[in-house]
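Going by the order they are written in, the chains are A, B, C and D; count residues from 1 in each one.
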């Protein structure tokens, strides 16, 4: 059984947020949902200013507070390390969300057909688009998200973003089980993101972690994250976020 | 020959015009709540002021959870008083024990109802909680202990305690006779039955008290166990919850007792003695809670880690200062009121009631302050601080719940004596 | 005869209570150690187990009712509806 | 559960047979059932290659197509430009493809111009007929009165060349808003068409001169390619010195930051030259052999010529001899007397010229510490390793691992000379065309025709054409559409006789994208007829189009586009990832039909004929001139003519044709035969002096010719003449989220940066009592006309900008798309164009003095 982890090289990140967009398109996430988010930081005072960037996926913790608190086992830890959300099981209590120290959970506040960027139910637009899209919402809807995954055969890839259930980064389970990299990793223009199996000493992630010093976010919280950062340092009180994305639904 | 039996006292079965008006009013309030709930069910929780923690800069839990905690808290007082009355033989408080028990049962039902609208999938919530509930989740304790243990135990206690009066009521012919008979379930008041009931209720009380503590503690754990939420993660949560529960519960009981005393003119049963006792109980609990708050404040200001500090800043001086200081003021006032009466040993009903009201105002405020700030200002990663202000939907649903509770209370008091029937006249 | 039936009832009730209670305990007992451990693998859950647990607790309290309503022992006398003298 | 509008409606109806009943049953309760529904049915899935349509370099893409519907665009792993990745825009454009607010059918205007348009849908035939008729009419009068405004249109061969030539239209660029001042400087100085960029694989010391590395592209390539090379180079030990008023652009990749005052880059470059010469870190061999540094300059500033030949001083013989005399060993320095005339070598002149530009002086001008300038000069001198050489693919070449990356920085009033001065820094170090040294054109080292053209311009007397070609105002001319606007408003002033009448705007949005918005809006009223080819209703179309022709986005054939990252060469095509949505059509289809209807498609000199030349088609693949080909067949012929036997099918299969690594002989100036294509680089710009004099003779005002100096010469930028209360410099910049004005309506991107904001240093803000996020007025001032312009924007605190400078991103200020109304103004509403705010090459300056205040004060 693989032990998946993500390694993020802060020395390479240009803060372009392409990973955020790759995630959004791959997973058709609703507006203002950022399963992957990129912080942009500024430190120090002119002219001794420093600018740096930090991507923030779900940490897929080994000791995940969200898994512990889930009252119905909708949020669960897979043997391969992925922290999954069964959207058929979730009752929408958002306990996982308040329990998570990293703020990676997003709740479907709206109905799916109202939850996307453009009102795809708009009659005029729909009329023209339907012949191509067969009424899919959004038109670039990814069918893989509906399917069940893992030996447990549970639907954990986000699906149609059902109203009233919680969601978060799935490490693109639908791609990983197909042997692909998560969308953000695959797309990173600077190859700052890496994904792989810690049990395989030959994997890129294992090599990087052997070769270079690294840290994990909020390790002191005992969550044992599966996301490692190379270079740089964790953000502190001195790190001012600039160009924050404040999107609300 | 049949002795002429007087009608059941305490306004049972008598409906004045004013009462009908009150009931209609309550029904209107409930209807409002139902409409709000309908809007939410169709549109989703987007109609509330709740939003995601983190980039969305919101609060995932709000009014619903705060009032759920509040209602569970209120339920504390009822059954405790009843149990204490039984265990410590505080006979002078027997008069309020039924009111207390009823308060417990109704507020527990309201608590259950106030969680449902918070769920994104209420129907799943009802089914899946019974189907998949996990003990690892603090919800499990709240859910099983409170609903199953606590509510059911109270019902049992309530039922057994009411049999005697039911039997008495059953003597009168009337539309509800079948109901009284059913409740009395063959109670005749023989010495043997009384002795049986005594023993049963004694053990029941003993069994209920620990369940009670567990239930309220687990509710505290729901927050206290969250390492990811500065301001929540604390061993103090559980005990503090129990105490604040007492404060709000006893407070509300005082208010209800006073109302009943006024409406039913039951001055002979609800004596100043009763209120003095409740008042003192409230004073002690408030004092204990104030102590908790001081400890809390010291820890938060003396050597708080930066994240804790951010929250306390928001609470003491920032966005939430208004709510916080109002609650503090209310608590202090409640305490001072009671303490002065206690020292002088001269009690005034109005003052005690005022204290009860203040205590509940403070309780509601504190519940909000426990739930919200840690979400809006407790981010461990440098997200910008969030905001939360409830919408009409949330207020509507909560009001509706209060309406429902009051209605249940009123209706019950009209079909069953809300105060234990006096000893005399038992044998008619 | 009636007394015998009631006894039978009580017995059946007790047996049911015991079974459901022990069944129900299968939930918290393995659950408790997991409170401290890090969650691993998939949740091995038996559907509707919580119902048994809740039932167990309820029946525990219900026994009080049984105790009061069902007169047992020597001085058992058939329940008589209260009748105005 | 599969939520589609149809099933959704069904569900609602089903729940009780009527919509009413559907509403009675709250959908919140329905979901439990819904969740149990089975998953989506099996689908046909395929990956089809195409290229990105948003940016300038056409990154390779693979489109994931399910049942004929594109659901995702991913980077093409085989394309050297982006190597399997995409920028945020590239990823997000998928939602734009399906944007219901695209122009769905040809539109014809029904209301007057200059206000938001009202439209009626027309058939393609009707719309094209209308445009074709206008083209016919105007061409009958004078083809030059037909103007073709180039924007981010691809397929140069089809539009810029074939159509413009076939129609005889006047072509307007957008380069004057990009980096054309730098292009002209490089073309004139070293004969390479491009701006400055390093040889990232070998460079060890980089001056990132106003390079917005983490947000914008660089010389000739889009964003992805350059950062990839930068980061890789830094991991190999590259040191990066950022010269920029704003640090944000360089992000974490700055080893040192010189926060230079806007508009003073020329001064800093001159000071670096001064230091390099003082240090003696000068590549004399390069200067003597490959530049005009040894040429003898007479006192009048012109080269000493003996029967037309430039002379050098032969050090061994102690006489002046022709530069190409056999065995001549030219002296680099010194003053001599030849035939009674005092002459100095060009280098001597340069040396004496820069003697005044000391670091201390520059420190004053640029607001950068003198010791920092000294240190950088010293490090440059050391890192250049003058005299050293290395072997690349078996070729021994000079090794000078120092370079400059400069791009949009060239768009300032002194831009032309500033970039020339930057080049001179590299020329002194002998880094031009050396390994690890200065590069200019990613395509390889081939001398551009402008090297001669810009040297041989014949300045004419009026009448001039619309962009003042060969005029006494801007002899070297980058064809600035904003200047054109001013000319149209006042033709007589510039000696322009007749105004153009018909305008075709292709994938361009001048009203928002080009500087000096008010001028543009006014001037566009003067066009009699405007046709716009665009997938969206651009603001330009909204206000002025008579006809809008809906172009497709990625659903079309277009190209061919270069796929070279300066190390590996390749070529790619844009291929339709699916059928054009709505009634939109591929641009090339539109041009074919338009030309046919306008009667300029067939025969000699027709569109097809010019297309044959533009695509360099060889027999037997030449397009027949008598029948209209399909677009696919054109590319098929082109591919086969390029020697790709499978024809276009090859691209439909692979997307990109990788030609392999670029050999040193093509990449490095030193390696070409002869080196540098046999030209001598122009340290000394004799022609510039000639132009200066001719302009004076023709009576042009000093501000036109003052910067035509043989050697870059510092002067205070015109904007400095603004009153003291305009105490801040406004600069503008690009954000990674958007591409120019062409993507801020893409909701996925707009969400990341929803609003215009003014970057300001907290120190400067507090002095003015401005809180972070507070709305302020930004008021710009034209130092020559006294005109002021202002916009209202919220401020954004940042410590990464000079306290005397404020910054506004481009991209905003759109209004026609429903998604952009709240975004705020464009920076172009504040900039001025024309005298004082363009370079001597008519290139737009994006610098202006502004003041920032809260209240209504005015």
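One rule holds in what follows: contacts are C-beta pairs under 8 Å (C-beta built on N, C-alpha and C of every residue); 3 or more make two chains touch, one makes a residue touch a chain.
Predicted model only: the values in this text are computed from it and were never measured.
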{"item": "A-D compared against B-C, more contacting pairs", "value": "A-D"}
{"item": "Central chain of the complex, centres being mean CA coordinates", "value": "A"}
{"item": "Averaged-CA centre spacing for the pair chain D and chain A, given as whole angstrom", "value": "35"}
{"item": "For chain C paired with chain D, centre-to-centre distance based on mean C-alpha positions, whole Å", "value": "81"}
{"item": "Distance between chain centroids, defined by C-alpha means - chain B, chain C (Å)", "value": "27"}
{"item": "Centre distance in Å when chain A and chain B are each reduced to the mean of their C-alpha atoms", "value": "41"}
{"item": "Per-residue overlap in chain D, given as positions that touch at least 2 other chains", "value": "27-28, 31, 35"}
{"item": "Residues within chain A bordering two or more other chains", "value": "32, 68, 73, 111, 163-164, 245, 247"}
{"item": "Residues of chain B whose C-beta touches two or more other chains", "value": "44, 121, 124, 129, 131-134, 136, 140, 143"}
{"item": "List of chain A residues in touch with chain C within their complex", "value": "62-64, 67-68, 73, 76-79, 152, 224"}
{"item": "Contact footprint of chain A on chain C as seen in their complex", "value": "35, 38-43, 45"}
{"item": "Touching residues on chain C, where the partner in the complex is chain B", "value": "27-28, 31-32, 34-35, 39, 43, 45, 47-48, 50-51, 53-54, 57-58, 60-62, 64-65, 67-69, 75, 79-82, 84-85"}
{"item": "Contact footprint of chain D on chain A as seen in their complex", "value": "10-18, 20-22, 24-26, 31-32, 42, 44-47, 49-53, 87-88, 111-113, 117-118, 120-122, 124-126, 128-130, 132-143, 146-148, 155, 159-160, 162-164, 186-191, 242-243, 245, 247"}
{"item": "Residue ranges of chain D touching chain A (in the complex, touch as defined)", "value": "1-8, 27-28, 31, 34-36, 39-40, 43, 66-75, 82, 84-88, 90-92, 94-95, 98-100, 104, 213-214, 223-224, 227-228, 231, 235, 247-248, 250-253, 257, 259, 578-579, 581-582, 736-737, 747-749, 751-754, 761, 763, 796, 798-803"}
